[in-house]
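Shared chain: chain A. Partners: chain B in the first complex, chain C in the second.
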Partner chain A sequence: MKELSLNILDIAENSVKAGASEVKISLEETDETLKITVSDNGCGMKEDFLKSVTDPFTTTRTTRKVGLGIPLFKMEAEQTGGSLSIESRHVELYPENHGTTTSALFYKNHIDFIPLGDVISSLVVLIQGSPDIRWRYTHTLPHGEVSLDTDELREVLGDVPLSAPEVLSWISEYLGEQYAEAGA
Partner chain B sequence: MTAGGIIEECGFKALCLPFPDRNVSGCYIGDLLSWVMGRAESDNVWVTIMSNINTVAVASLSDVSLVVLAEGVTLDGEVLRAAEEKGINVASSPDASFETASKLFGKV
Partner chain C sequence: MKSLAELAAIKEKMQNRVVLREGSSNIRVVVGMATCGIAAGARPVLNTFVEEVNSQNLGDKVTVTQTGCIGICQFEPVVEVFEAGKEKVTYVKMTSEKAKEVVEKHLKGGHVVEEYTISNI
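Presenting the complex of A and B:
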């Protein structure tokens, strides 16, 4: 994809499909690296399916459960010298603490590093599409941090849904201001 | 023209040709796989320098009739096996994408 923010959107959509009630998106960024982690409390994957998710053929055409999202994300990380890892606990084996964590490491100075792009828009799309999920976002930058927790917003908003247009545009501005302060 | 005919006329090297008689119509050139996925059309010949397993997946999804790997790129064993298994025609061209496309021009 042309921007890593689109991959984040895609991976987080898997969490939504897995029935998660809480999704954590964390970006840890240094001058050299960017680590993107999406972790959820969804139903998780069984071991044999987990092994197959980085193979584009188990998922395309016939079943299309995950799509090419993970294989492409993995390729994009590896082409910068980085890597991708997925850990998952299936609900049948872990009724209390099931979920999936997908983590990708990128080396930013590699010529094939794809820019992060408009991550704010990706978040707004995710919140708009699934306003009942608790979205927790943190982006640690070399000189600051950006964060958002939709449960904190919900306390303030009361009955106003998170998907209301004025709330979404407020979220967008709020994140934009934090990025300006963090020097990004 | 057919995939086999294109390979012969353009001087490409067949790497995997399970369906030599498949009709080829139109051409798409690109290396960003997610981009190609949404734009290459069925029966196209697709010119690219990308030769990993995802190339085969995108070729299968977009239903192109022939993948031409430019700049002399070839397939390694595992990817070749996947192409054979999925019935994807793949050939290699010694030239860069532009020169490869110029050979295809007028034939597809």
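Presenting the complex of A and C:
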């Protein structure tokens, strides 16, 4: 991937596929590190699947026997000296609090660190594709914070869908202004 | 600064139109958004379709949606156009520029942009 924001988009699509009603994307950034966490309340994974999930030959898709989303994300973290971890609770064992949390740590000053890129664009795509999910986004920067909770927007919007183009461009500008203020 | 009040204004404006839009759109644009599509550049393609459909006021007849892996990863970004009563059109190796052209010629003008379709590879 050319930008880590594309990995975020890709990993969050797994949450969508897992039937999550709430997905939290959080970015914690210092001058040295970037930690990306995607956590959802989807169906979760069974232990066997979880163990093999960083293997490219494990996938949920039916058109091919390979899945590169998580292996790529892991490789990109490790090539900066960082790491990836996944925790998951399958719905059968944890009917009350199932879901998956994927977390990757990057060292920003490493030469192989891939830039975050256009994370706003990824969020807009996710909201456009799954407007009924509650998307919660926070990006903690060294000098500020950017955040979005689609439930707050939904309260204002009523039955106007979050995927309406006017709403999407509002979201995009809203986040853009927050980033400008946070000095990013 | 963007405010929630502004969002409320968007709601007011939209509400009347939403009713009209339901069920009346007869063209569906589907963008492949799996790992393969994303890595190949599907994100700007999708966003271009959404923006162009909006700015050209095609929202009443065109819906833009996403799907997973279509199975032809080597041709990503892949975009499928479904239209009632017509055969599906599959565009391959799409870019933002090509997406704009497809909106203009195909979605607006009704003419398939043959040179970007899979049958032309």
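Just so it is clear, the second predicted complex is superposed on the first by the 177 of 184 C-alpha atoms of A that agree within 3 Å, B and C clash if a C-alpha of one lies under 4 Å from a C-alpha of the other, contacts with A are read in each partner's own complex, and residues count from 1 in each chain.
Keep this in mind: a contact is a pair of C-beta atoms (placed from the backbone, for glycine too) under 8 Å apart; a residue touches a chain by one contact, two chains touch by 3 or more.
These figures come from a predicted structure and were not determined experimentally.
Enquirer: Consider chain A as the common anchor and indicate whether chain B and chain C clash or fit when overlaid.
Expert: fit
Enquirer: For A:P56, decide between first (touching chain B), second (touching chain C), both and neither.
Expert: It touches chain B, and chain C stays clear.
Enquirer: For A:M75, using the defined touch cut-off, is the partner it touches chain B, chain C, both, or neither? Pick first, second, both or neither.
Expert: A:M75 contacts chain B only, not chain C.
Enquirer: Give the label of whichever partner, chain B or chain C, reaches more residues of chain A.
Expert: Chain A has more residues touched by C than by the other partner.
Enquirer: Would you sort A:Q128 into first (chain B), second (chain C), both or neither based on which partner it touches?
Expert: second
Enquirer: Mind checking the angle chain B, chain A, chain C on Cα centres after superposing, to the nearest 10 degrees?
Expert: Rounded to the nearest ten degrees, it is 80.
Enquirer: For A:M1, decide between first (touching chain B), second (touching chain C), both and neither.
Expert: Touch partners of A:M1: chain B and chain C.
Enquirer: If you stack the two complexes on chain A, which partner ends up touching A:G158: first (chain B), second (chain C), both, or neither?
Expert: Only chain C; A:G158 stays clear of chain B.
Enquirer: Based on the superposed arrangement, let me know which partner A:A182 touches: chain B (first), chain C (second), both, or neither?
Expert: Neither chain B nor chain C is touched by A:A182.
Enquirer: To be precise, I mean the smallest distance between any C-alpha of chain B and any C-alpha of chain C in the superposed model; what is it in Å?
Expert: 5
Enquirer: What part of chain A is shared between its chain B contacts and its chain C contacts?
Expert: On chain A, the residues that contact chain B in one structure and chain C in the other are 1, 6, 61, 68, 72.
Enquirer: Could you please specify the touching residues of chain C with respect to chain A in the complex?
Expert: 1-2, 4, 6-8, 10-11, 13-15, 18, 33-36, 38-39, 43-44, 46-47, 50-51, 53-54, 59, 64-66, 68-71, 73
Enquirer: Across the complex, what residues on chain A touch chain C?
Expert: By the definition above, chain A touches chain C via 1, 6, 9-10, 13, 17, 61, 63-64, 67-69, 72, 118, 121-122, 124-125, 128-129, 152-153, 156-161, 164-170, 173-174, 177.
Enquirer: Quick one: in the complex, what on chain A touches chain B?
Expert: Answer in residue numbers: 1-2, 6, 55-57, 60-61, 68, 71-72, 75.
Enquirer: What does chain B use to touch chain A in their complex?
Expert: Residue list for chain B touching chain A: 32-35, 37, 52-54, 56-58, 60-61, 82, 86.
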